[in-house]
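Two complexes come next, and they have one chain in common, subunit A, joined by subunit B in the first and subunit C in the second.
Now for the complex of A and B:
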């Protein structure tokens, strides 16, 4: 057992209202710079939809993630011979159009325009060329099913659906969408790190955050092709790759990352998971139907004395283990099993988990009247407007079992709370629902509390960063204690 | 400033200079003089130095050896005669040749002149026509087909000769097609090869000198190439450029065809296909 700690996340999709506050918080802090205008380290997508960059889930085109064919893990995008052959041109890069051409508006014209017959307008100006441009697409162009005949209908996750189901998805009173906020998953088996020819990407030992060393990055951009979630971006101004850093400067000072902190729906949870690094390779090679369960089995019980002892041996600080015991992520992922990894079939073993959303019931039009298919207030999950196959494609590697389990448990919690608060549900019925969903009244209560009444401290259990320990691994802090004066690690840059 | 600080550097230079002049004059002569001079072997570019003491007085010789150009510039008539005999070639100043070393060189020449056969009598090279086998062997040595016995670098790594290979040889050093003519014959060329005097070649071949059984075929080869006529190999660079251009075009065509199915865009084809729920 090789115990490591990872700061992991849960996004509760049932609570997301799609307001994009997270994206804006991130943009304002990190990517409001030249060359980073097009980057959205955090973005919120509408599902069904093609997302950002367009159709990022289509690995036939983008070649992201790992292939486990022939019992060996291989990057889809590159390999040593391919690196040589593609040395001048990596053929699987998203184009600027697949992201979007970033733009601003010529606001000055509103004030400076000469007097004329019409109101002056602020024309869109490209932030790449500085010239007026026609806007063809944007980072959330398919928001709320906008342009759905083009975008939503081409969602890869609809592939397993029957033509009938596909048609219904966009029919009146059957139409449905939910939001899918995305940041870097800080994977256990990151393809971006594996693909980098310069060794510039690395997974931080103390908390598992995946980072790009800006000094070592040599602009190969192999990470951009390799990341199946397309969450590494290339800054064309600095010539370096950039990605979500999970706001580590905030984490190290005990604050939640900006997107977590600003989330108005309070959908985001953050906490430490202890996992067994020894089994990563083995788990990543499992067949699709076993992946979700195998991935979950990597997460270790932070209360198990054996795990605690092994964690101590690996130098994990007791305060981090304590944080792991209080981690809301541990509850969602391991105890309740209602949070699932996105597209685990890419085999990067993402450490951001999603609680799949409950959807409205199906309805039909009969003689101009809208009728619900089900009379139940909390209908059967198979009658949900979002087809189970669609969610299974997103969160179960195409297999429904784990998604069904998570949805049933969520539904049972609703019945349980309805019986308690409104009382129009027989307690015995609620009890039966819970039993069928492999749950209990106590668990339902705990899920309800952490879902609906959670405080700031319950949502974000941030372990002490112990930077002093991390620094001691690299250099002796007393090395210069008796040295002369003070200095700079690298010379200060001054203007003339 | 203390006297030691002022004098120190000069003392150091003096000691170093002392070391240099302490070099064996025979070695110095072999490395620096034999490519133009012999002692009792007849004239090469420069005159035979046998009994040179009888032709000029010792102080004149010592002064000339240290700085020949200065003597010529002074209008010395004997120096002018020497230049004329050497067909305009002026003896270069030799690095590290101090007045003290010049004296010991003159002593050496004096001693060697009295010997029946001096060690500096130079190569004896016959006037008979070279055989094709010798020329072929020279070519092999020149192109590296046969390695140089003492491990010196192969000629083509820096030099070319017309017709040596499709793309010619190296272009770092001068073209040697007409070297035979430039160095005025077999004997000069052979002596030159025995101890190449140029600043680039001298350090390279000082420790890895060519052997006499290698010099003869090389002379044969260079003589044959000079006699085959033709100017220097000027077509080489053009051929090289054209070949590079053609190679680039072929490579681009190969890359283009093997990447026919490469990623170009996702969103635009999607919009152009207007969805239909199918793969655009």
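Now for the complex of A and C:
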């Protein structure tokens, strides 16, 4: 057992209202710079939809992630010989057209325009060339376009659906969509790190955050092609790759990352998971139908004395183990098993988990009308307006078992709470539902509390980073305190 | 030989190479130590993909072939002359060299066209880039011109240019080998020195960047702030 700690995340999709506050918080802090205008380290997508960059889940096109053919893990986009051969032109590199050309407006024209019969207009100006441009796409161009034949219909996750299911999904009366906020997954088997010819990308040993060393990045662009979630971005102005840093300067000082902190729906949870690093390669090679379960089996029980002893041996601080025991992520992922990794079939072993959405609760369609009767409030999950197959493609590597389990348990929690608070459900029925969903009244209460009544401290259990100990080994902390914090002494500008 | 020409020969073929080499070694190291952030080419593939392939791939493979040829003839001139003693082998070598030269010429022209025409790529092209591109064009164009009009360069490079270059490295410059060279050849040599001298101040530094640890390392990279636990180097 090789115990390591990882700062992991859960996004509760039933609570996401698609307000994009997280994206804006991130943009304001990190990517409001030249060359980074088009980047959204955090973005919120509408599902079904094509997302950002357009159709990023289409790995036939983007070649992201790993393949486990012939029992060996291989990057789809590159290999060592291919890296040498393709060193002058990356064959699977997405371009700005796959994202969008960032723009601003010529606001000055509103003030300077001479008096005339028409209202003056502010024309869009490209933030790359500085020239007037026609806007063709934006960061969340398909926002709320759930039923659209242009965007939603091209969602790759609809592939497993029968033509009949598809038709139903796009019938006006049954139109449905939910929001899918995305940041870097800080994977256990990151494809971006494995692809970097410079060794500039790395995973931090202490907390598992994946970062790009800006001084070592040599612009080979391999990470951008390799990341299946398209969460490494190329800064066209500095010629370096950039990605979500999980706000590590905030985490190290005990603050939640900006997107977590600002989340209006309080859908985000953050906490430590202890995992067994020895088994990563083995788990990543499992067949698709076993992946979700195998990935979960990597997560270790932070109360198990053996795990604690092994963690001590690996230098994991007692305060971090304590944080792991209080981790909300551990509850959602390992104990309740209702949070699932996105697209685990890419085999990067993401450490951001999603509670799949039940919404909308009302599904019944009688004579072309949506049924509003209360006894149909918590319908059979297989008749949900979001087809099970679609969710399975997103969160179950195409297999429904783990998604069905998560949804059944959530449904049982709703019946349980309905019986308690409204009383129009027989307690015996609620109890049976819980039993059938592999749950209990106590567990349902705990899920309900952490889902609906969770405080800031319960949602974000941030372990102390203990950077002071790391510094002490290299230099006097007091001297260090006066000498750091300035970062780059010259701007990232470059003329050659 | 007139006095003026002698003066220019001394300036361009004795003084310039030392200035260029000195600048090259000193500033290349200095730039790496001071601003390793800038130690790469500013890739523009993200802004334009198709022309990038058709220009950059032939250019790079062409220029690598050409430079390898120069280095081989510089390092083992005798063996090159021996190889060239059979006409057929000479023709094969010359033709190969010309193909590489043409590839790099076409690729470079493509790259310059792309940088001047695609508005987004134009935006990330600095004045320094343009100076470099024109110097490279001059270098490759004179090279191809020499290959066509002054044939069997592989032989006379090994016989005359290589000894001259060695004399420079041995700190005992000997101009007898190149004094009578045609103007195009002299221009090619002088421009080469200029390029070597400008190397550390331009995006040419990316030539020194090779995916060194990548080819030997494990796929995953882990950095520890505290000492890494035993048995988990990565």
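Just so we're on the same page, the second predicted complex is superposed on the first by the 454 of 496 C-alpha atoms of A that agree within 3 Å, B and C clash if a C-alpha of one lies under 4 Å from a C-alpha of the other, contacts with A are read in each partner's own complex, and residues count from 1 in each chain.
Heads up, the rule we're going with is that a contact is a pair of C-beta atoms (placed from the backbone, for glycine too) under 8 Å apart; a residue touches a chain by one contact, two chains touch by 3 or more.
None of the values given here were measured: they were computed from a predicted structure.
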Fit-or-clash call for subunit B and subunit C when the two complexes are aligned on subunit A: clash
Subunit B versus subunit C as contact partner of A:10, first or second or both or neither: neither
First (subunit B), second (subunit C), both or neither touched by A:83: second
Which of subunit B and subunit C A:434 touches, first, second, both or neither: neither
Contacts of A:462 with subunit B and subunit C, given as first, second, both or neither: neither
Which superposed partner A:93 touches (first subunit B, second subunit C, both, neither): both
Subunit B versus subunit C as contact partner of A:313, first or second or both or neither: second
Chain touching more of subunit A, residue-wise (subunit B, subunit C): C
Identified clashing stretch of subunit C versus subunit B [24-32, 132-140, 150-158 or 204-212]: 150-158
Contact residues common to both interfaces of subunit A (with subunit B and with subunit C): 89, 93-95
Residues of subunit C that touch subunit A when the two form their complex: 35-49, 52-53, 56-57, 59-61, 119-120, 122-124, 126-129, 132, 201-203, 205-206, 209, 211, 213-215, 217, 219-229, 231-232
Subunit B partner contacts - residues on subunit A that touch it in the complex: 50, 53-55, 58, 61-63, 89, 91-95, 97-98, 137, 149-151, 153-154, 158, 166
Residues of subunit A touching subunit C in the complex: 2, 4, 80, 83-84, 87-90, 93-96, 101, 128-131, 189-190, 193-194, 196-199, 201-206, 214-221, 224, 234, 236-240, 277, 313-315, 467, 469-470, 473, 488, 490, 492, 494-496
Of subunit B, residues touching subunit A in the complex: 255, 259, 262-268, 270-271, 274-277, 280
